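After this come two complexes, each holding chain A, first together with chain B and then together with chain C.
Our next item is the complex of A and B:
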């Protein structure tokens, strides 16, 4: 296990290197370079800001020197300062990350719980009316534009019925609430965003879970389990589910970039002060240091998410380490 | 043809016809402003109602179908060309070329796609051409992986050895024998990618960084629908439904092809 872990950790070094190269290339090679001629006429980027970025990235130096300097600063977690409010980029991102990660974590748990139940119950009743209606539901889930679902829920649940708040993560009078009320308040604010964020991923996981489970239920060891007289419930939940559940871990890891990317949409709609909204606002304001920072951090988080998924897979399935 | 494929073809063809024949189907000019008829609900004159400038929603939706189709197909064509080229090079030549290309794929997959797209748009301008290009350049990785995997097994097959023995060059073997034989899973992936591209375009347009008004796209109509939420349900219901059904159509088509070709 230690050797596997070590191999994987060394394996992420070239990837991290690649992430910085691509981010650097995007910001430098695109025609609308931050200090380029276009920016001079762009009222959103002031003269001072352009000088600052020119200095920050050493744009007068050769490209490879610029890159090396930038990476050196990255290694010290120095992402520069924002154009908008001159605060350190790292600080701005750090205060937003917990919100985005929290919502994504909550929606992942929701996806896992509901997706696995749908998948298993469909597989057990393969071909039944229930199975077929779940397939229809899954297709609908795949095709649903997240932002449309968010708008509909906002309109019906938030505006027409007035059951849940539709913007922000806490009420104005949050500070005056007791602890218990505060928890309820945040939960009420996050209910819709978490649901919306989970909805898209739900379809994928439940479909994947279903086909896994169908496959596992046809294996010899399941027949053996039934033949030795185990209760059907034990066969399904103890023998089959364990084996069908394993690969889901990897899929969950692979869904991280989609979830983080999707946060731009629902955080903008529900005005949630997370990383997605920060990124969107920075894009609108052409706040290059923040854009670069979020790109590098977003990609690194994805990398770590995948690594975590792979390691936990290897931890529970000894076959993986041998490959 | 199975049921899934048939319903997929039906939906895809329906919207394709609307897109191609848009000038003949749309009863009004999609840009024609009518201050006297702002935000009127569906009626005999305007069957889907009007928007906040009095423009006919049905006509705008019909032209919006053009944008969706155009962006979806061209973005996926770009992704297909990049993915097939890089994937077959990696699979056929192996060695350092394989390592470099597949590492590049791994790196690209680390970036949350939507972040990458937004970042590039921040640097370029949000024009339709740029959007198609950006979506194409950020969604070829799945295709590359698939075609590489197919070619890895195909290139050891007897007919490829026979072809080489008869003096066929690498280029001929790759383009005439390996790629055509590896296309089945790629076709499924590309069809599903059209759906994804349409979703991305509409999300971008909804956020105001995609197709720019006054050019109508389902996404930017919905964005307007958000601002009149509660006052004009038709501005939210119809464009959303159009996106939903179109994406559903390509997904059904893709899954239908998968069932037919791969099982």
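Our next item is the complex of A and C:
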């Protein structure tokens, strides 16, 4: 097991290296230049001033030199500084990860709880009216554009009823609240975003769960369990559910990188300062160091997530051995 | 009957309130109340709060409250003293001597002196500093500190826009000496001399300022200024309704159609004034079709600008005839926009040799069809719609137009800078000083420079240089009025419109007066009566 782990971890390094070369090449080949300074298309900003800034950022060097410089810094865990505001890339990413991670974790837990329950209960009542209405419900959530649902809810709950804040993650007076009030304040702000993102994600897990469960319920060992007179509850929750949950573990492992990824539309609408907005704005401004930083972290997490999925699979399923 | 009674009772309350108010005023002598906070909602996040690096509008707006320049523009767009209480310009125009205010203190208590001015200048011309504003300051030969409160600036040649370049915020030497301006912590913890001092900046959420009680023009009435970043226009509007923000800029659609209800009339004041910018169609003057003046003038006749303003801005804008702020002294009001006249356009095109020989509705000359592409940037619905109206109107005179919309960064570096376009629909923001050397001078056509249409007129070149060397306002007015007239005749751009700025602000804020400079010029005099204050601590 340890040897397997080591082998996989070492294998990640060349893979990661390859990914950085490709992404570095692609973002530099894409048309457009860093606009940190010329975004406003301002005649007060002279050509000379812009060239000087490009030089200070090292953009006038050949591409391979720029890449080597970047790798050298990366080896010291230095992702460089942003072209837009000259702040360290790590700092810019670090201040946004907790928010995105928090929202994604909360909505993932919600999706798991509700999605698994819907999946199991639908499978048990396969083909019933309940099953079919749940199908419609989760697909409605899947099909509904997030921005539309978000705006409607903000208008009704936030503006008309005035019971939840419209956007943002904290109140203006947050710093003066007591701890308990602060927790409630954040919860009130996150209620709508978490609901909206969870509603969209229900379909995936619940459908997976349902089809696994339907499949498992037809197995011989379930018939055996029923035949020996176990209560239906025990049959479903002890024997069937455990087996049906196995593939969900894989999905969870694969969704690890998604935890730090945010959606720009979603974050813009709720004005949440998360990773999606950071990445989108960086791409639009051709802020190469930030783009590379986010991509490297994303790639690393994807590779680790895959590994994690494999390991946890082996851990929960005795039939699988990693060598 | 019921409405009648209601009206009576309303009149009664208003009357009582008025009497009460009058009484209070009479007893106390009118003085606005201190307190409350204003929450301004906007789409953009500031990049830095170092004035010499702030090249985006969000950073500029916030820096403007924290820092002062040596000079500033007053409500009628005249240059007046700010940190300088006055200045002298030498006969030959080569020296400007600024006399600084005494007794001004930085927000940390240190005195402001001429050395801070010198320090700011050095930062602006230091080749290692990533400032975008070095251009105007490169014209300076030497800056001399005469004493603590006198600075003499020597220019290489007379340079009148130099005076307005000193609206640049002055930075404190004692806090920044020896710091790397590119990476200093100061960018997110600024200390200035201005009416508001920095409190906090939560990335992607808000920037918060508190009033500077020792401000040299007096303590601002509003205690806190909160700049909230809400990157979505629809959310901004919902927040405005819900009370989460007090001030936003409306879109024409919101101003015309979505803010007419009683709720809005009772709770908000809307303002409207020409913005500092204009939208135009720029031709590639190297193109053989657009090189012909008659063709450009024909297009001017063929496009109904009023119609574009009605359709795209819902009437909230005005026709533009030249590249100056409509309310400024430089704008030549005698230049009148031509009347929409498609017949005249057809005649002019015919004179230029364009005829529809094959009867397909599109003109030809020397076997080439008159078909061209307008490019504009993605994400600007107003420009897209404007292009569509132009497309339709030009079709009527026999010109085929295609529209291509391109993402901003590629648009600038691949198409504008490299001059790969037939015609481009864009807008320019306008600075308070009318100097427009970089946009119209014939040599400013290198890749990345701003005369990308390739305009060249020796007389305009001469006038542009003259305008830069002249300080006398009367003389400059004459020069820029002339430039305005020539540009409108030459039509290197099809000047389209100046959109209106459309701020909307909660009614509790009083003392706001629209002037040619907009509404922000007297922000420190805005106030909220005690009884209406919302954020009380």
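Following the convention adopted for this analysis, the second predicted complex is superposed on the first by the 262 of 323 C-alpha atoms of A that agree within 3 Å, B and C clash if a C-alpha of one lies under 4 Å from a C-alpha of the other, contacts with A are read in each partner's own complex, and residues count from 1 in each chain.
As a working rule, a contact is a pair of C-beta atoms (placed from the backbone, for glycine too) under 8 Å apart; a residue touches a chain by one contact, two chains touch by 3 or more.
Note that the structure is a prediction, hence the values are computed from the model and not measured.
Enquirer: Touch check for A:110: first (chain B), second (chain C), both, or neither?
Expert: neither
Enquirer: Who does A:303 touch here: chain B (first), chain C (second), both, or neither?
Expert: So A:303 only meets chain B here.
Enquirer: Can A:159 be said to touch chain B (first), chain C (second), both, or neither?
Expert: both
Enquirer: Scan A:262 for contacts with chain B and chain C and give back first, second, both or neither.
Expert: first
Enquirer: Considering only touches as defined above, state whether A:84 meets chain B (first), chain C (second), both or neither.
Expert: Touch partner of A:84: chain C, not chain B.
Enquirer: Would you sort A:151 into first (chain B), second (chain C), both or neither based on which partner it touches?
Expert: Both chain B and chain C are touched by A:151.
Enquirer: If you stack the two complexes on chain A, which partner ends up touching A:286: first (chain B), second (chain C), both, or neither?
Expert: A:286: touches chain B and chain C.
Enquirer: Using the superposition on A, tell me which residues of chain A are in contact with chain B and, in the other complex, with chain C.
Expert: 30-33, 151, 154-155, 159, 268-269, 284, 286.
Enquirer: Mind listing the chain B positions that touch chain A in their complex?
Expert: The touching residues are 103-104, 106-116, 118-125, 195, 199, 202-203, 206-207, 209, 222, 225-226, 229-230, 233, 236, 240, 243-245, 247-248, 251-252, 255.
Enquirer: Looking at the complex, which residues from chain A come into contact with chain B?
Expert: Spelled out, the residues of chain A in touch with chain B are 14-15, 18-19, 21-22, 26-27, 30-33, 139-140, 142-148, 151-152, 154-155, 159-160, 257-258, 260-262, 264-265, 268-269, 279-280, 282-284, 286, 288, 291, 294-295, 298-300, 302-303, 306.
Enquirer: In the complex, go through chain C and note every residue touching chain A.
Expert: Touching chain A from chain C are residues 37, 39, 47-48, 55-57, 127-128, 130-136, 138, 182-183, 187-188, 202-206, 226, 228-232, 234-235, 238-239, 241-242, 244, 407-410, 412-414, 426, 428-429, 431, 436, 438-439, 446, 448-450, 535, 537.
Enquirer: If we count contacts the way the header does, which residues on chain A are in touch with chain C in the complex?
Expert: 30-33, 35-53, 56-57, 81, 84-87, 92, 95-96, 151, 154-155, 158-159, 162, 165-170, 172-173, 176, 267-274, 277-278, 284-286
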